[in-house]
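Below is one structure, written out as structure tokens, with a few remarks after it.
So that you can tell them apart, the chains are marked A, B and C in the order they are listed, and the count of residues begins at 1 in each.
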Amino acid sequence: MIELTIDILTFFCVYVIITLSLNFQHGYAGIFNLGLYFPIIVGALVAAYLPGRLAMLIYNIKGLDFAANNAAVISLLRPNLSSDPLVSIMLLVVTLAVAMGLCYLLGFLSAYPSLKLPADYLALFMLCAGESLRVIGMQTDWLAGGVMGITIINPFWWLREYSYYGMALFAITVTAAVILVYERMCNSPLGRLLRSIRENELTSASLGKDANRIKRDTLTFSFTILGLAGVLHAFLMGAVVVGGYTRVDFSFWPWLMMIIGGTGNNLGVFLGTFGLVIMRRIMIVAKHYFWFLPFNVVWFEPILLAAMLAATLVFRPQGIFPEQPMKVSEYVRKVLKLEAKE
Amino acid sequence: MASRTKSAGQSHNQLDDEPLLRVINVSKRFGNFFALRDVSIDIPKKSIVLLIGPNGSGKTTLVNCISGVYKPDGGTIMFDGKNITGLPIHEIVRLGLGRTFQIPQPFMRMTVAENLLVCGQDNPGESFLLSMNRKKWRDIEKKNLERMYQVLKTIGLQDKADNLACELSGGQLKLLELGRLLMLISKMMLLDEPIGGVNPVLAHNIFSHIVNIRDEFGISFLIIEHRLDIAMKYVDFVYVLSAGSVVASGTPREIVEMGKLYEVYLA
Amino acid sequence: MIPIPIILTAVVYSFILSILAMGFTLQYITLSVPNLAYATIAFASTYLTLTFSLMGMVPYTAMPFAFLLGGAISYMLYKLVAYLRNKGTSIVGLMMATIVFDLIIYAGMNIYADYLAQVFKLYAGSFSLSEYDLKIFSIPAILLVSAATSIGLVVFFTLMLIKTKFGIAMRAVMENYNLANVHGINTERVLSIAWFFVGGIAGLSGSLYPIWFAMDPWVGARMFISIFAACVVGGLRSIYGSLLGGFLIAFSEIIVTYLLSIYFPWIWSYRAVTSMLIAAVALVEMPSGIAGLIQKLRGG
């Protein structure tokens, strides 16, 4: 039971980071991006490629290839890393830094076409970019084991039997930090600025705001955090199977979570994510209750997603917790932490 | 034509002879259609200048060229001694030249207060890194809020502060447009039909504000308006535009006496 | 010298892709909504071709059914999107609506593949029907059928646009929806029929795909990249531009990658990605595509 709870919790953590980043990009800045999974895959690929090979260098394991001789290398690395917390943590930090740095760069590069294209074509472009990366990942064996996938190190092996809990605790801590960061940013003048650009770029420009630069910075920041989510997911799974990072699981489901929760409302998105993650996890675990379905329950998920998406669009497009701009008195009290005026 | 198209600078006694805004031989075409042909106007410091002419004469196109929405095909625009021809909109605004829109363009799903607060310039809270640290921008926000309260009072929308912009009436949106400009500390403002569709009492109200702002802060205005009955009373100088060219200029009295208005509007 | 099989592959592929690109652009022009389910609709009918072949019939007998299936799905999708559009849903919501259909068809395809696996004891995860093809004078029939279908469709479509009343109505709706409405054209009916037609030809083209190529449930997603690239290169709002773009992208994907693979053998598996790169460059350098370039050279 505890394992199930932790499993749901960690899955929830990864998805919260993803949906809050999406809300930041779209709910606040109005950038329409359907290729959310692009930086996530980048993060996962870095986690697949880098720490294992670095560990091999450190422990002088030669003559083997991390991807081709994956099982053998892992079995050699595990005892080493189990007694070396310092190196393990260092590997974790380096992987995060490289993944986030790479995503930052990619975000910067992606911003260039994104600002020239009309909104719907940007969305498509990012979707295709994500799909292309997935194809590349699945075709390239040395990167992340191609179609079969690759097992990766666990930076908390030194906790022995508690290594899974260590990883989970790390994920929860990181998620809490991300939530705090996004909350701070969204309730600041920056949040206000992003929403103004979302509402009317021309008016924003006529107030002296460089809309292009700000949208680029938003995308870049969002990419960086999504890369973080990718790395976390990879370490939590203990393996990277690029084929598993589909547009349905890592782009469309987050979109639904944001829309159902309430686009533009961080709390709404948080709750929407919570509800849907629990629903999905329980569905997977309680597979045998779906005996009445004439087909494999795996395919029930996209159908359910489609039905929920359609229902939301038709009946409640603003979500369960729609965006609520703050009253001035609230803003003064809660955000500025001053006494209310007038 | 020299006597008919006097530059605004010449008919004023200015200590500072250099006009704040100089539009020199600006042209703009869309395909084969020439919206503006060699238009030259000057706006002195601390003055209110009116731009009039029939529909399609190129008034809004000229304002769009000046404010950076369009890039002129020919000519130069100098603002406060700097060449602003073809600069992006936000850069021109940062140099001190702001504008309003003929059809109000508020931030619909934000409150009136937020619509005004977002006008604050150089707010560290708007940077990605510093926004996370409240201490860095709290004081500036306080000042921003104080200024916002003043502006709200000036435009008379205090009790609408927490309403969403989409809930305001047409006249209130015009006031909000003005309010946004008041929040910006500009050297000059371009107003596109600030009293269009507004009742006469409110219209005179708006123009009195404009005059007060000119007197108190020394800000210049270039105003496009059709409501000559109201506008002419408040302005220092008038340019008449027709089919993309300046056909007459002078003080309001001179323009009326010239009789050119009838030709231009009724032809 | 390029081997004949490669040239044939390029030719078949280009006929299929160009029709698909043309259809996608047509749907985009009519409602200003890119149909994300488009590729999935097209490739759902590959399973029809598979079924018919397994039952012992000539694969081409699936074609009319593929047209009806694609048309029906597309029609239903149109109804949903039009309904939401009238409600005032934003472009985001409308694209989400197309995703709804994409998901359902995706699940449907996989469920059917599982079913086939059970009934016919066949791994439908990856299949190719080239062995079921007919040979006409020792040329694979697919070559002639794909060429005839594509050329026939383009001719039919062009004639329809120019000569028939319906075609003129459709042009009016594409030009200016509201104006067409005001002029008494039943825009809803015109668009429903147009989307049915486009879905139909998508299904038709898609049904031909497995007769030459290997098919798996992810082909739709990969082809979407190529379709998108073809439309970008051709010109986002130009039907004939997309047709041309389809040919260009198809040939570059097969022929150019083949030539490159002589020096870099690994490049062959990344064919789909090369289209993506071309699309990216095209978006940055010539955003209005070839059609835009031609327009600029003519008028401007």
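The working rule: a residue touches a chain if its C-beta (ideal position, glycine included) is under 8 Å from a C-beta of that chain, and two chains touch if they have at least 3 such contacts.
If you're wondering where the values come from, they're calculated on a predicted model, not measured in any experiment.
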Next item on the list: Determine, using the mean of C-alpha atoms as each chain's centre, which chain is farthest from subunit A.
Entry: B
Next item on the list: Grab the C-alpha centre of each chain and report whichever is closest to the global C-alpha centre.
Entry: A
Notebook entry, point to check: Taking each chain's centre as the mean of its CA atoms, how far is subunit A from subunit B in angstrom?
Noted result: 45
Note to self: Based only on mean CA positions, could you tell me how far subunit B sits from subunit C in angstrom?
What the structure shows: 50
Checklist line | Between subunit A and subunit C, centroid-to-centroid distance (C-alpha), Å | finding: 32
Next item on the list: In the complex, go through subunit B and note every residue touching subunit A.
Entry: 67, 69, 88-90, 93-94, 98-99, 101, 105-111, 113-114, 117-121, 123, 125-128, 131-134, 137-138, 141-142, 145, 149, 161-162, 164, 180, 184
Checklist line | Residue numbers on subunit C that touch subunit A, as the complex places them | finding: 32-34, 36, 80, 83-84, 87, 89, 91-93, 95-97, 99-101, 103-104, 106-107, 110-111, 114-115, 221-222, 224-225, 228-229, 232, 236, 269-270, 272-273, 276, 279-280, 283-284, 287
Next item on the list: Going by the contact rule at the top, pick out the subunit A residues touching subunit C in the complex.
Entry: 26, 32, 34, 112-113, 116-117, 119-121, 123-125, 127-129, 131-132, 135-136, 139, 247-248, 252, 255, 259, 295-296, 298-303, 305-306, 309-310, 313-314, 317
Item checked: Contact set on subunit A toward subunit B in their complex -> 181, 184-185, 188-193, 195-196, 199-200, 202-211, 217, 221, 323, 325-328, 331-332, 335-338, 341-342
